[in-house]
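First chain written, first letter: the chains are A, B, C and D, and each begins at residue 1.
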């Protein structure tokens, strides 16, 4: 007799647990305000990344096209994947000393793991991460970027 | 248990064991032929009970390999490092501990795969990560792969 | 009765007479058959596609998502676009597969679900064929589908497919019993197997109300067993994508895959239709005995709306179940049938027989 | 045509019904292959094959400096990236005898616990999905997003943070750090009971997981099963208790232990760990000192003194051991990573033999395998 009772009790308990589960999905079915989906390309205007978001490596230039990179190559040394190549030039300053300046600062976005060691290790704070996150391009070559703008120069030169 | 006490107990078990000082764990260097018996006694001695092998690694030294066993006791919480040196680099052989610690079977396969240390008596000594046709042992210092490894 | 003003029989009869008066009897017969076939084909395709969309929307809302919303307004032509995509896809033929059976299986599955629709009364006077054994016929043809699934699993020459097909075989054959027995409850109540008279018999109140506890029990058993028979979650062991990748249709591609996919949804529609017709009164409006004003108001809503409303309710119930529960294991699935549903059904039938004999139901 | 007929004959000669689950299979959660021999639906034996995404991280580490290694450890168990970073950093600090500021310890532990919750949430999603409850997947991911936002706000990345460096942290945490975590705890405390209603209490789920794949304590210790899977069998292997590190010695918390060791209790252990992690988080947040020191003084080039160093850390899946052999250079001579999933994987054969193929999926889901952690 007890087994029959257990059998029936088991059915009711099981069905009750199932109904409780259905209340959760049923609740969200009618709560349309709980929808979390974001419509991505449409909300591009509103979409704001966090300040520290590591999008891609950039070299900030000021309004007069000056940057802070002196071409020391520490970022290249610190990069674990070899995604930074610094090609520096030698120039002769007005005082007759030879001086190293940055020629091209090449950044391979395709190899970057966004560890942030280059930004952290840069002694002159010349590098930063941008908030750009749409990296898709049709040509792989476009992922290799030159960070210093053409015609730009070191900000210290202005002071001299 | 303090390292000193542990040391005494181990000397009683294996008089020829060499010790190395280490801030963290007690290092014991054991000859390869005594390893299996020594570890068995480590596990089965009542007040030692080293029953949990939490790391098994192989190290490639210029003239020999060492296989390093990090063993701890789940009951008492004391740990020990057992090291075995192989006889040269040509045909390194170490007895397998698969019958003492089940997890050793797979960690030994890994060491065999990447360093080429052969574990005698191992029931299933196959490569674990690389395919069976792979030539060479990648974690050895003298492993050369001109295509895939870029020297820095 | 007020609902009779929406009787569609004169319309269908006039079409019939029009054809027969203008054509010879053979050609008229053929033309009529073709007409019905084309109507059903379009109906089938539209219902199947929009059920897929409905399922995607329902599950999306349950999961805090929006669901399809790119193709057309609110995604309304998403599934039609999907169909075109599937039509354009390559039909991959499997080497070492049994070619004849491999190609024939999707057709068996889809024809089985197609046949069942013929007997469903959609509205007053709107049914292709009014069998006097309608329920029996639907059960018979819908169980042909399992043959297609078994053939598909066997002929794919894939181990996953075979396991899926065998699971499906065990499952459908056993759940057939529960489906039949739970329908039998209403058959005992109404004393008829003919779907049109079954609907007429619910003019005063639906069977789920008139038949009280046994009918309600039978309704839930039918929905459970029907869900299992259509291979839908939580009984989707034949597909079980986390275990068998895609089960019996792992190797199918393109439109053949779409056939299996559509057949699943049409089977769901069929089960929901039968549940709506047998338990919830089909196209019959909601009538409460003794409330004439209310009944007359209800009669203003056309029967076809009632029919689709009830079917949609049952379909929603099945979707709700699918998107809430985890999947059963094969032995638990069979336990559920043989240890729970079948004994409950058998007891239920004995009780119903007693109730009908003593007249303890609302007449 | 004749060729086809021949094949059918050949099939009969092989009595074993072997199916390959993987390398691409929905329930292996990555490129792992189980060679499963079946008898009907029942598993006769199972052979795991790994190595499909072996990247040779240990070999790569031998040519990288210690700060550079950090970003590789992210890619072991990508769901507990923070703990992996912490393990290597702690090992280097131990070797250099550096005491990191108190505040850094707290931040590290807070982030660890957050990462543990995030990892368990994702596991819950995947486990629900393995059992066929697809809705679980979206609820879990919905709540995990909140944690990822906290990570993004402070660390700059959502999944692979590389936030811990030897000697401290990459940079200071965001000013909103404490408040956003408190908000999250408030939010998640309300939603975690829903997980239980949806899945844990469900009769189908209970039947699918109870008394399934029972692992005894001896087996767990013998196979080195750590983490919640081991603790569900009664193996008290929580490194946070055994060898406390970072800020764990400063606070008091409960170690989740069960003795049953079946799939359901492995599930329960993780669910309880989420609750416990929230308690730990609150305690840590209360005690966390103010200030803005986020790193100890470090030399620009880190050279470890000659010797061998070992550090154990409790990740979301078990015990991660980092074994560094240094020869005094700026790169390690040998770096061994004892990853929890590698040990956890190989108990599969023992647990699944004799169960159904659907149980295999449930058991492998309950062990919470992350494949890059196995393959390294």
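Keep this in mind: a residue touches a chain if its C-beta (ideal position, glycine included) is under 8 Å from a C-beta of that chain, and two chains touch if they have at least 3 such contacts.
Here the structure is a predicted model, which is why all the values come from computation and not from measurement.
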Common touching chains of chain D and chain A: C
Farthest chain (mean CA position) relative to chain C: B
Chain whose Cα mean lies nearest the overall Cα mean: D
Chain A and chain B: spacing of chain centres that average the CA atoms, whole Å: 42
Intercentroid distance (Cα basis), chain D paired with chain C, Å: 45
Mean-CA-position distance for chain C and chain B (Å): 64
Approximate Å spacing (C-alpha centroids) for the pair chain B, chain D: 25
Residue list for chain B, restricted to those that touch at least two other chains: 152
Where chain A touches two or more other chains, by residue: 18, 21, 24-25, 36
Multi-chain contact sites of chain D, meaning residues that touch two or more partners: 135, 142, 198-199, 202, 204
Contacting chain pairs - touch in the sense defined above: A-C, A-D, B-D, C-D
Sites on chain D touched by chain B in the complex: 50-51, 54, 56, 58-59, 63, 94, 219, 221-224, 226, 235-237, 242, 307-310, 312, 319, 321, 323, 325, 333-334, 336, 338, 342-343, 345-346, 375
Residues on chain A engaged by chain C in the complex (per definition of touch): 11, 18, 21-22, 24-26, 28-29, 32, 34-37, 39
Touching residues on chain C, where the partner in the complex is chain D: 59, 62-65, 96, 159-160, 163, 167, 233-234, 236-237, 240-245, 323-332
Residue numbers on chain A that touch chain D, as the complex places them: 13-15, 17-18, 20-21, 23-25, 36, 49-50, 52-54, 78, 80, 113-117, 120-121, 129
Chain A-touching residues of chain C, taken from the complex the two chains share: 58, 61-66, 69, 320-321, 323-325, 340
